[in-house]
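For clarity, chains are labelled A, B, C and D in written order, and residue numbers in each chain start from 1.
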C-alpha cells in the first residue's frame, strides 16, 4: 500500500494548484508587509489580501478553461468542476468578507495584518477542502479552516464575550474533530482505504457492520458540529454574537460552507453506497435544524443572534438534499443524486451571497447605531432608504421570496426532496415548506422594524463606506441576478454535480 | 495481531478523554482530555494500519499528531487570553453570553 | 411562436414597469411631480403594449397561445421563459395594466400618510410586474415567481401606508399567502416529477398523460395547488387575511388587491389546477363548490355585521369570489366562462367601491357608516357613483356584475359529468339566496352612507365632490362596468374557446334530448338553436340520472 | 310573411325612453324643468309606436285568421293521458268553447340578434311581439305617458325634478324591455332593472329614513322573490335542453319544450320546480301573499310613481311573466285539472289577504295599495285556474282604473289635503271642492268594484266564469268573496274621502302624513328645490283651502276614466251575448297566442251564462250595502271591535298586517342583520381567526419553549438547579457544578452515545 504512494509519479501539475499557491504567497506577503508597514499604513494589508484573493480567483478561472485534470496525489486531490466552483465560491466569499472587514478592523482596536493572515489561512483550507478526496486531506483541510477561525472568533481580545465565544467554538471544534477522527479511524480500519473513491467502492460491498455504522455516524457527527446542525448548534449563537461581525459573517458563510463541502465530499463521494447507515440521521438532523433553528430565531431581539439561529435553520435546509440523496440512493437513482448535489451547491452559493449581504447591512447600520438590537433598525427606511431596501432584499431572499436568489435555493432544495419522493421525502418537504413560512416571519420582523416603525431620535442617515458599499453591491447584484436568471448559479452547480457521473 | 486489544485500549482512552472533557474544572485539563481522545484515534489508526499492512494508517496518525499540536497551541492561547481577562480558567465562568 | 415585435410585446408589457421603477429610483425624492409623471408614463406605456396585444390578438383562435415566446431560462430545472396569452389571460392582462394606470392617476393627489411618493409609486410599478407577469406565464416556475413578486410590494403598501392596525394586517397577508405558495410549489414539483416528462411547461403538462399518477397522489397534488390558490382567492376558511388587509391597506392598495391580486388565485385554478389535474379536480369540485357557497353566505353575513364601510366591501369580496369559485367548481365551460367574467367584473366593481371608500375616508376621515350619511346631498356625484357601483356589485343585469354571477349560478345546475347533480343544485339555491343578502348589505350601506341627511358633525363642512383626478381614474371603470354589462359578449367571445380547451378533460353534459327536435319553423329569422340533426340520439331514452328536479 | 314596420321595429319602443334617460341624466341640468318634456316626448313617441304595433298586430291577426296561414295541425281534439291528467292537443278552434275563432296560426314576430355566445350556448337579445306583448306595450306606454304628463304638475318644483324624470324614463324603458323580451334571460334583465327603478323612485325622497327604508324593503323583498326567478330562468334553459338537447332561454322554445316534456311525461319534477321557482318570483314582484308587504310601503314614493308601479309596471311584471311562460306553469302545476294548485292558491290567498287589509287603512294610498294586491291576486288566481285570457284582460283593465284611482288620490292630496293622504284626518267632504276629481275617482271605484258595464266588471267576471268553467268552484267563491270585500272597502274609502265633513285644514298637525307630506315639515332648508314646502306655493292657490286640480292632473284622469269604462268592452261576453257585435269579442282574438297547441296550452273561453254577472253584481251590491250601512249610516255594529274580543283581535291582526312585517323586518331581517350576521362575524373573528392566532401563538409558544427550555435551559436548567447561587464571576463552584461548556459537551456526548447505540442496534 505504501508502494502506491511511492510509485506515484511525483510530477505535480503546479498550474492545477496555482490558486492555493497564490494564496500561500499572499499569506507570506501579508505577514511580511505587516511587519514592515508602519502602524498607520496597516490597512494596506487588506489591500494585499484582497488582491491575493483576486489573483487566486483568476487562477481558478484560468484552470476552469483548461482541459480536465486527473486527480492528483494518488487521487486524493481533485481539480474538477466541482472543486473549481467551490473554490471560486470560497474565494469570492472571502473577498467580500475582506471588503466587509476593512473599515471595521481598521476602526476597531485590532491587529490588522494578522487578521488578514488568519483569514487567508482559513480560505486556503477551504480551497483545499474543495479538492479533498481523501480522509487525510479532508481532515487537514478542515483543521486549516478551523484553527484560524478559533483565533478570529476571539479577535476582540479584551471583550469577554468574544473570549467566551472563542473558547466555546474552540472546545466544541476540537472535541468534534476528535470524534470525527475516531469515526474516520474506524472507516479506515474496515475499508483499509483513506481515498474516498476507494472507500466508496468498498463500502457497498462490506457486510453490515456495527463498527462501520458507528464509524459513519461518528464522522457525520463531527461535521454536524462544523455545520452547526441541531442538536450540535449551541455554540453558534454565542460565538456569532461574541465574534467581530465580519468574522461572524465569515463563520456563518465561508466556514460553514467549508463544513458542508467536507460533508458533501464524504457523503457523496464516500458513503454514497451505504445510504441506509446515514440517511435517517441526516433526515432527522435536517428536520430538527430547520424547526428548532427557526423557532429559536423567532425569540431573538439581537439581530446577530437571530441570524445565527437563522443560519442554523438554513443549514437545516441545506441538509435536506443530503437526506434526499440518501433516500434516492436507497432506490439507486443517479439523477436524484446529481440533483441533490446540485441543490446543495446552489444553496451554498446563494446562501453565501445573501447572508454576507445581510451582514454587510448590519455592519453598516451598526457603525452608526452601535447596537445589534433589532429595535435599533426602527425607522431606518425614513432616513436611509437605500440600505433599507438592500437589507430588505437580503432578508426577503433569505426568506425565499422571489425574485431574489433565495427562492431558487429553496426551490432546488424542494426539488431534490420531492424528486426523491416517497413518504419520507414529501414529509420532509412539507416540514421545510412550513419552516420557510416561519422563517419569513422573523425576517419580516426586521423588515417591519425598518419600514413601519418610527425612527429613533437621532435620524442621521447611515453612512456606507466604499468597501462596504462594494461588498453590498456585489451581494445585491448576485442576489438580484441569480433571482431572475438562476441559471447563473444553476449551470455552475450542474457542472459541478456532473462529477457524480 | 491483537487488534481487538488495541481497539479496546483505544476505546478506553477515548472514553477517558470524554470523561475528562466533561468533568475537568480547568480548561487546560480539558485540553489534555481532548488530547487523550486524539491519542485514542492514533492508536486506532496505527493498529488498523498494522493489521492491514497499510502504511497509510501511520501517515494519518502523523498528520493527526501534527495538527493536534497546532490546535492545542491555539487552544492554550485562547485559555491564556481568558485567564488574563477573567483571572480564571474555569469553563464555568464563561457564561456571559446568554440569550 | 411569435416573431418580430410580437415576440417582444408581452415581455415589454411585463417588464416596462421595471424600467420605470429604475427611473423612479434615480429621481431624487423631492421631485414628486416628476416621479408621478414618470410613473404615469410608464404605466400608460405598459397599457399601450397591453392594448397592442388586445388589438392584434387573433380572436378567431382564442384557445391558441398567441404572442408566444419560449426561451431557455433555467436549464437545470427545465424551466423556460415561456409566455403567451390566450383568451383567458388576455382580459386579465389588460385589466391589470388598465387598473394600474387608473391607480396611479387616482394617487395623484391622494397620497396616504406617510406620503413618500417615490416609494409608493415604485411599489406600484413593482406590483405591476408581478401582476402582468402572472397572467402571461406559461411555465409553472415563471408563474410562481410572478405570483410571489406581488407579495412584497403589497406587504409594504399595507404596512407603511396602511391604517392603524397595519402591521398585523400586512404580516397576516404575507404569511398566509406564503404558506399557500410554499405548498403550491411543492405541488408543482410533484407534478413535474410525477408526470414523468420533467417539464414545468403548462401546455405540455396539460397535454401530458397523467395516467401513471395514481388518483390518490393526484388528489394530494391538487390539494397543494388548491391551498396555494384558495388562500389567494380567498376561499372560505382561508379568507381571514382579506378583511384585515383590505381594511388597513391604502386605497390604491385595496383597489389593486381586489382588482388583480385576488384574481391570481382564481386564474391559477383555471390556468393550472383544473387542466393539469382534471381527475383530481373532479373529486375536489364538490368541496370547492361547498366552500364557495359557504363563502357566499358567510361573506354576506360578515358584511351585514360591519360598521366600517371599507371592511364591508372587503367582506363582500369573499362573497363575490365565492361566485367565481362556484363557477369554476362546476367544471363546465359555462361556469368557467362565468368565472373569468366574474373575475374581471369583480375587479372593476369592487375596485371602484374601494376607490369610493377611499375618497370617503379622504373627505370625512372616517369610514364608520354610523357617522356618515347624506353623501348624496353633500357630494351628489360621489353618492350616485356609489349607488351605481353598489347596484353593479349586487348583480344588477345590465351591469358587469350580473354576468359573473348569473352564469355561475346557472352552470351549477348541471355540472360536469360525474359530479353529483343534487349537491350542486343545492349549491345553486344557496348561491341564489346569496344574491338577496348581497342586495341587503349593499343597499344598507348605500342607505347609511348616501341617503338621509348629513350628520351634524359634517353639516358645516364643505365637502369636495369628485375631483378631476378621480374622474379620470373612475370614469373608464364606470364605463367598462356598463359596457361589459350591456355587451358581455365582448368577454365571452374572448374566453369561450380558450375555456373550452380547458374543460376538454371534463366531458360536457349535453343531455340527449327527450325529443329530437321541434323545428322552429314558426319564426325563421330567429337565430334559434342548433338541433341535433337526427343523429340517432334522437330517440335515446332521456338519461335517468338527471331526472331529479 | 308580410312585414309590419311597427312590429318589426318594436325594439325602438324601449330604446327611446332609455335614450331619454341618459339624455336627462347627462344634460338634464341644462334644461332645468324642461327636462320633463324630454321624458314626455320620448314616452310620447314610444306611445305612438306602441299604437302602431297595436294596429299592425290586429291586422296581422286578421290576415292570419282570414286565409293567412294554415290552421293548426289537428283537425280534432286529441287527448293524451299523461301523468294522470289530460293534455289536450288540438286546434283551439275546434274545441275552444264555441267562441268561434277558427283554428289559425298567427305567429309572433320574433327578431333577434346574438347578444353573446358562451360555449355552445348562444344568448340572443331580441323582440318577441305577440298579442300579449302588444297589449302590454300599449298599456305601459299609455299609463307612463299619462303619468309623465301628470308629474309635470304634481312634481313641480321638486328638489330632484330631473332625476325623477330620468328615473321615470328608465322605469318605462325597463318595463318595455321586459315586455318585448324574446327570451327569459332578457326578461330577467328587464325585471331587475324595473326593480332598480322602483328602488330609485320609491326612495325618491331619500333624505327621510322611512322613504329609503321603503325603497330598500321593496328591493329586497322582490329580490327575495328573484331567488326564484334566477333558479326558474336557469331551469327554463334546462327545460329546453332536456327537450331539444341544446339549452336556450328562448320563450318560444321554452313554451314548446314545456308542453313537449309534459307530453313526454318524464320530466315532471323539472317542470314543477321550474314553475315553483318562477312562482316565487311572481310572488315577490307582484306583491302576492306572503311577500306582499313591500307594496304598501312603496307608497313612500311620489304618487304618480305609485300609479305607474301599481298599474302598468313593476307589479304586473310578475303577472306578465306568468302569462309569458304560461306553459311552464300550466304543465308544471297541472293547471286545468280542477284541483288546487299552487298558483291559484297563492292568488286566492292574496286576493283575500289584501282585501282584508284594505279595510283598516286610513291612508288613501294604502287602501289602494292593498286593493292592488288584492286585484293582482285575481290575476294570479286567474292564471292559476286556467283563465289566461281573463287574467290578462284583468291586467289590462286594472291598469286603467287603478291608475285612475291613484292619480285621483294624488289629485286629492295635492290640491285638497295639503299633501296628506290621511283620509280620517285630512279629508272628507272633498266632493264639493273638487267635483271633477270626485267624478273620475268614482268612475275608477265603480270599475274596481265591478259595477256592471265598467271595465272591471267584465274582466273580473271573465275570471270567475272561466274558473267556474274549469271546475275551480272553490276559487270562484273566493273571487266572489273578494268582490264583496272590494266593494265594501272602496265604499269606505270613498266615504271617508269625499263625503261627510271636510276635516282638513290642519295638515301640518296631521299625525299620519305620508313621507311626502312629512317632508314639508322640515323641508324649509330645501325650499329652493321643493315646491311642496307649503301648499300655497302654487300661486293659483293663494287661499290654501281645498280646490280643484288643474289640467295636467285632470287630463289624465279624464282619459283614464274613459278607459275605466270602455276598455272592458272589447272582451264582454255579456254584451256579445246581447248584441253579437264582434268588437265585444276581440280581446281574446287579438291577445291570445295563436301558435298551435304544441306552443301554448289551449285556452278555453266559457260560454256566456247569466249566472256569472248576476252573482258578481250581487256581490258588489252586498259589499256596498254593508259598507254603506256600517261606515256611512253607522247602522250597526259600531265599536264592535272594542266590544267583541274575537273581532277586536281580528282587527288588531289586520292593523298589524297579519304581523308579517314583524316577521320579516324584525324576525327574519332583524335576525339576519343582527344576531346571525353578528354570530357569523363573531365566528370569523373569534374562531377562524383564532385558528390562525393560535397557530401563531402556538408557534410563538413553541419558539419560546424551544428557545428557553431546550436551547438555553436544557443546559442552564440543570446548572441553575444545582448551583443557583454561584453565578458570580470567579466564584467557587460547588461539587455538583459543572460548567456550561461542559454541559454542552456532556449533553452532546450523551446524545452521541444514545444515537450511536441506536445505530449499532439497528444495523
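Throughout what follows, a contact is a pair of C-beta atoms (placed from the backbone, for glycine too) under 8 Å apart; a residue touches a chain by one contact, two chains touch by 3 or more.
Since we're looking at a predicted model, the values are computed, not measured.
Averaging the CA coordinates per chain and comparing them to the mean over all protein CA atoms picks out C as nearest. Interface comparison, C-D against A-C: more C-beta pairs in contact at C-D. Taking the CA centroid of chain A as reference, the farthest chain centroid is that of D.
For the pair chain C and chain D, the distance between C-alpha centroids works out to 33 Å. Chain B and chain D have Cα centroids separated by 95 Å.
Annotation: 44 Å between the Cα-based centres of chain A and chain C.
The geometric centre of chain A is 26 Å away from that of chain B, both derived from CA atoms. Shared interface positions of chain A, i.e. residues touching 2 or more other chains, are given as 167-168, 171, 175, 179, 299, 441.
Shared interface positions of chain B, i.e. residues touching 2 or more other chains, are given as 21, 30, 86, 91, 94-95, 99. By the touch rule above, chain A contacts chain B in their complex via residues 1-2, 5, 135-136, 139-140, 143, 147, 150-151, 154, 157-158, 160-161, 163-168, 170-171, 174-175, 177-179, 181-182, 184-186, 188-189, 192-194, 237-238, 241-242, 299-300, 305.
Note for the complex: chain C touches chain A at residues 29, 72-77, 114, 119, 141, 144-146, 148-149, 151-152, 155-156, 159-160, 166-167, 170-171, 174-175, 178-179, 182-183, 185-186, 189-190, 192-193. Looking at the complex, you find that chain A touches chain C at residues 342, 381-382, 385, 392, 396, 399, 401-403, 407-408, 411-412, 414-415, 418-419, 421, 426, 429-430, 433-434, 436-437, 440-441, 444, 448, 451-452, 485-487, 490-491, 493-494.
For chain C in complex with chain D, the residues that touch the partner chain are 172, 176, 237, 239-240, 243, 298, 301-306, 332-334, 337-338, 374, 376-377, 391, 396-398, 402, 406-407, 409-410, 413-414, 428-429, 432-433, 435-437, 439-440, 443-444, 447, 450-453, 487-493, 496, 499-500, 508, 510-518, 520, 522-523, 525-532, 537, 542, 546-549.
By the touch criterion given at the top, residues 105, 107-122, 124, 126, 182, 185, 188-193, 196, 199, 203, 206-209, 212-213, 216, 219-220, 223-224, 226-227, 230-231, 234-235, 237-238, 240-248, 250, 252-253, 256-257, 260-261, 264, 266-267, 269-270, 272-273, 595, 598-599, 669, 672-673, 676-682, 684, 688-689, 691-692 of chain D touch chain C in their complex.
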